[in-house]
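Pasting the structures in now, so scroll down.
Each of the next two complexes has chain A plus one more chain, namely chain B in the first and chain C in the second.
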Partner chain A sequence: MKPLGRIYLVAILIFLYTPILVMMAMGFNASPLYELPFSFSLQWYEALWSNTVLLTAGLNSIVIAAITAVLATALGTMASVALSRRTFRGRSFLQLMLLPPIAIPWLITGTAMLIFFYWSGIGRGMHALLIGHVALAIPYVVLVVGTGFRTIRADLEEAAMSLGSTPVHAFFSVTLPLLYPSILGAALFAFAVSLDQFVISYFLATPGYTTLPVQIYSSIRKGFTPEINAISTVLLLGSMTVILIFARFAKPGDTRDKR
Partner chain B sequence: MQNDRLTSASERGPLGPRSRRVLPSWVSTMVLLLPTYGWLTLAVFLPLLTMFVFSFMSATPMGKAPIVFTLKQYRAFIDQPYLVGIGINSLLIGFWTTLFCAVLGFLAAVALVQSTLGKTREILLILILLPFWTNGLVRVFSWTMVLRENGFLDNLLHMIAPDAGSIGFLYTRYAIVVGLVHGYLPYMILTCYIALVAIDDAIIEAASSLGARWWTILFKILVPLAAPGLISGSVLIFIPVIGSFMEPRILGGRVGVTMGTVIEDQFTQAFNWPLGASLSFTLLAVVLAIFATFSGVLRRGTAV
Partner chain C sequence: MTNVKVHSVAKTYGTTPVLSDITTEFPEGSFTSLLGPSGSGKTTLLRIIAGFIKPDQGVVTIGNNDVTDIPVWGRNIGMMFQSYALFPHMTIAQNVAFGLERRGIKGAAARKEVDRALEMVRLPGFGSRTPKQLSGGQQQRVALARAIVIKPSVLLLDEPLSALDRRLRQEMQVELLRIQRESGLTTIFVTHDQEEALTLSDKVAILDKGRIVQIGEPEDVYERPLTRFAAEFLGDSNFLTGTVDNGAVRLADGTVVRTTSTLPTSGSKVTLAVRPEKMSIVSGPTDDNSLTARITTVIYAGPVLSYMLETADGLPLKLFAQNRDGKVLSDGDTITLSWAPEHTVPVGD
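Take a look at the complex of A and B:
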């Protein structure tokens, strides 16, 4: 059974990676109509360099993702402290309320945001995108930091306090350093969630302020050239790098006690 | 306030000289929670509420036309019978995507548990999950390179059989399902894997030493014990799939009309927001019904 299982896993990997690799290769193919045989060319990457629309959208995406990472990590970590370390009435209800942003299809959340932001005068654009992205990233931050909390013992903080430390001081000097890898992991995760977010952005972007996925979508629908493959390749490699760094930091599934 | 208390030492009151003025713990709990839940209220809960109100309006409140509150948007499935067909189309796409993910993903998880160990397994898991956390739109786009006429698939075929015609099937329902399976398969592999690693190897060894064949082990031991993983994976795939719109648009072309694309149209082309809102809420009702049905299994699945 063992070799059969391994062959099957390789087949699954081929299924998962073939389209991605083909898409990436086509960014290096000279033909604008994706015709084969393959002839290597960097012309699409050169064209990308002078495509200010795509580059601006890319820069917007990075800025939004960075601000989202900072805000979502700050807010989510605070909430995680309360949800992981304290008991109070309504705690399980509040934990349940973290699920809608993840579990409800983004199409529904996105169109609801569009209606509400229009009706309330918040409008669309960068600030609207930030409100939406941070809300989507917060639940993931609470989950990742909450998992981190489970690996540190609560009595370390109690020990610090019984030795005369204030709760705030104990948190910053004892708990936070132990939690640091989880918080950094959560921030990277929030960055990746925002960078890859398309549906919400699609409804909240304006013609003057778009993100890279929104711009790629409108290019795909209007007729595209291998420039789209080039920028897509950059985007994929970028988010893969962020996620691999996240995997090193947060070690998902690693619940060994850090004592 | 007896319900709001710190579980840690501070409930025993000020301790030592450095703790000067300690706030009641419920105040600090509130301060910690308020930003997150305030933000979620602004960005998710109030919008959903507003959309609910909009779904009862007779027209989008943008022009001068008077707005009347009505139930007519919810009668759309009766008034516009073609929507029923589109709804069924969405459910079928959801069904086939979930089924393919369940079969392929469960077997992949079995293969991971039975055929790999240690570092190899870790690397394989990361490789399987990596595409899941990259841009879904780009992955859907990449399938157009493979499935289009004279695309990668056709070129592969022509290397073997130069005279064969085109087998590219871009702009069909099959293309939509392939793209969606590609997008959500890693998720099913993960949920099944988590369920399967928890199974004690001794059970399988005992069964095979007592003469059980592989299919007996598969259907009598692995499938029943991994059922929570299969079910939570299926629920968490079916729900986003019935709400998907970019996959049908890009891979389905003209045949790619689903509930998702109809809802998108109401907001981006037709500007009939009340209809879009009522369709969104109908979809949300389906989603919540599914969650309610499987909440027991899902809670056990996430409690790991």
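Take a look at the complex of A and C:
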């Protein structure tokens, strides 16, 4: 069973990473038509450096993703505190209603947002993208932070209060530090959800303000060059570094109980 | 040192009364156990005294201060939780110093207090460790140190020993009692373990359905239970029912049972409680109360033999005897048992 399992795992990794590695390699190939034999060249990276349209779109993506991560994490964490630690009317209903948006196809959510934003006068552009991405990311944040909450016993805050902490101080001195890995994980999740987002961005972006996935899509339609490979490689390495740093320090899946 | 009083405290959740009209006092420096089954309201009472729950009515005073409207963080209480509730992201020293810091005690002064508290719970030098590196018993000691280092007005213990194994629990009981005596803290201890309540407390309060059924010294409550519930919940008891007749009680089978306690008027129905260890198996005639019964089961428990008995009327009885000669009687034997009139206690329902 053991060697079989290993072969299986290796096969999965090969299927996952081969296309990505080929994509990366082709960014260093001189041929604009992805022709072999391979001849190493940095010309596409040089071309990318002067391709302001792609670079701007890439920067937009990162800015939107970063702001989305901050806003969605803050709002989602606050919602999670209420859902996990308070009792109020309609709590279980609210908790339940967080899940469907994750399952609704983005195409439908995107169409709905476009219609609603158009109708309400919000319109399209950066602000619309931000609203859309934050709304999309919040359910993920609530789920991730809520799971973190479940590992923290409520009596820790009670212990702090018995020692003289106000509820606010108890939250910031006891719960928040213990929740920190979950919050960081949720922020990364929100960042990734925003960075990956194509369908909704496609609907809400304007010709003057696009994100990288939207820009790549329109470039591909016009016929594309390995510059796309180059910027994809840069972005991929960037986000993988962030994820690996997180995995190294926050130890997701760590089963230590936080009693 | 302070005394704690609750006056006509009541609490209802929805339509379920959890506590009804509790009035009692916990004297300065005393160790009181709140004993009762789950749902009896003992934890609710403790949490009302702590300030986690606001009573619907009634007054709580600590010392001479009415604290009914003061939240838990303003009450200066020390509390121990069933789950220890140590802060996992802090060292032992930081855990113990937490309450000191809230009181503005920092730096060298705080360190001195922390060291003293850790010494008191016999964990000197453990300050730099984390809770994860400690055993359950050690964590509980840290929780105790954290609770007493702030010199609380009252020490509240919410079943703190129930998560420990038997041996460790007995060790902690001794420790807890020593520290309580040394510190002179008024202590209120919630438990469902009757043996623990008897060993540790100056006073035992038995709760049932949101009321204090009986409160008194352990010996008092054990030897003279007021109700059937108190007799049954604290220790084991046999119950005999009969009619009062001329200063004694006549059972259904005609046996006359005498008691030294005051009985209600002739003709009234009465229930008598007799502890199983107060009964003994006799061979000859006796001046004490006596009954004949058949042995249904003998349970051999080492130092003690437990006899499960049944009278001719089908009344089940229990008798505990010291294991002097081993198991000489067997199931089905008929025996005569006797007990003294002073161990016959009339109880209410």
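Here, the second predicted complex is superposed on the first by the 248 of 259 C-alpha atoms of A that agree within 3 Å, B and C clash if a C-alpha of one lies under 4 Å from a C-alpha of the other, contacts with A are read in each partner's own complex, and residues count from 1 in each chain.
The definition used in the following text is that a contact is a pair of C-beta atoms (placed from the backbone, for glycine too) under 8 Å apart; a residue touches a chain by one contact, two chains touch by 3 or more.
The model shown is predicted, which means the values in this text are computed figures rather than measured ones.
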Under the stated touch criterion, which partner chain does A:12 make contact with: chain B (first), chain C (second), both, or neither? first
Scan A:166 for contacts with chain B and chain C and give back first, second, both or neither. both
Quick one: classify A:206 as touching chain B (first), chain C (second), both or neither. neither
Using the touch definition from the top, say if A:216 reaches chain B (first), chain C (second), both or neither. first
Between chain B and chain C, which makes contact with more of the residues in chain A? B
Touched partner set for A:158, first chain B, second chain C, both or neither: both
Considering only touches as defined above, state whether A:177 meets chain B (first), chain C (second), both or neither. second
Per the definitions at the top, what is the overlap between the chain A residues touching chain B and those touching chain C? 158, 161-166, 169
Residue numbers on chain A that touch chain B, as the complex places them: 1-6, 8-9, 12-13, 15-20, 22-23, 26, 34-36, 74-76, 78-79, 81-83, 85-89, 94, 97-98, 100-101, 103-109, 111-117, 119-120, 131-132, 134-135, 138, 142, 154, 157-158, 161-167, 169, 192, 195-196, 198-199, 203, 213, 216-217, 220-221, 228-229, 232, 235-236, 239-240, 243-244, 247
Chain B residues within the chain A interface of the complex: 3-10, 15-20, 22, 25-26, 28-29, 31-33, 35-37, 39-40, 42-48, 50-51, 54, 61, 104, 107-108, 110-112, 114-116, 124, 126-128, 130-131, 133-139, 141-146, 148, 150-152, 155, 182, 185-186, 189, 214, 236, 239-240, 242-246, 249-250, 260, 263-264, 267, 273, 276-277, 280, 283-284, 287, 291
Would you mind writing out the residues of chain C in touch with chain A in their complex? 50, 52, 71-74, 76-79, 81-89, 98-99, 102-103, 131-132, 146-147, 150, 156
Taking the touch rule as given, give the residues of chain A at its contact with chain C in the complex, in rising order. 153, 155-156, 158-166, 169, 173-174, 177-178, 256, 258-259
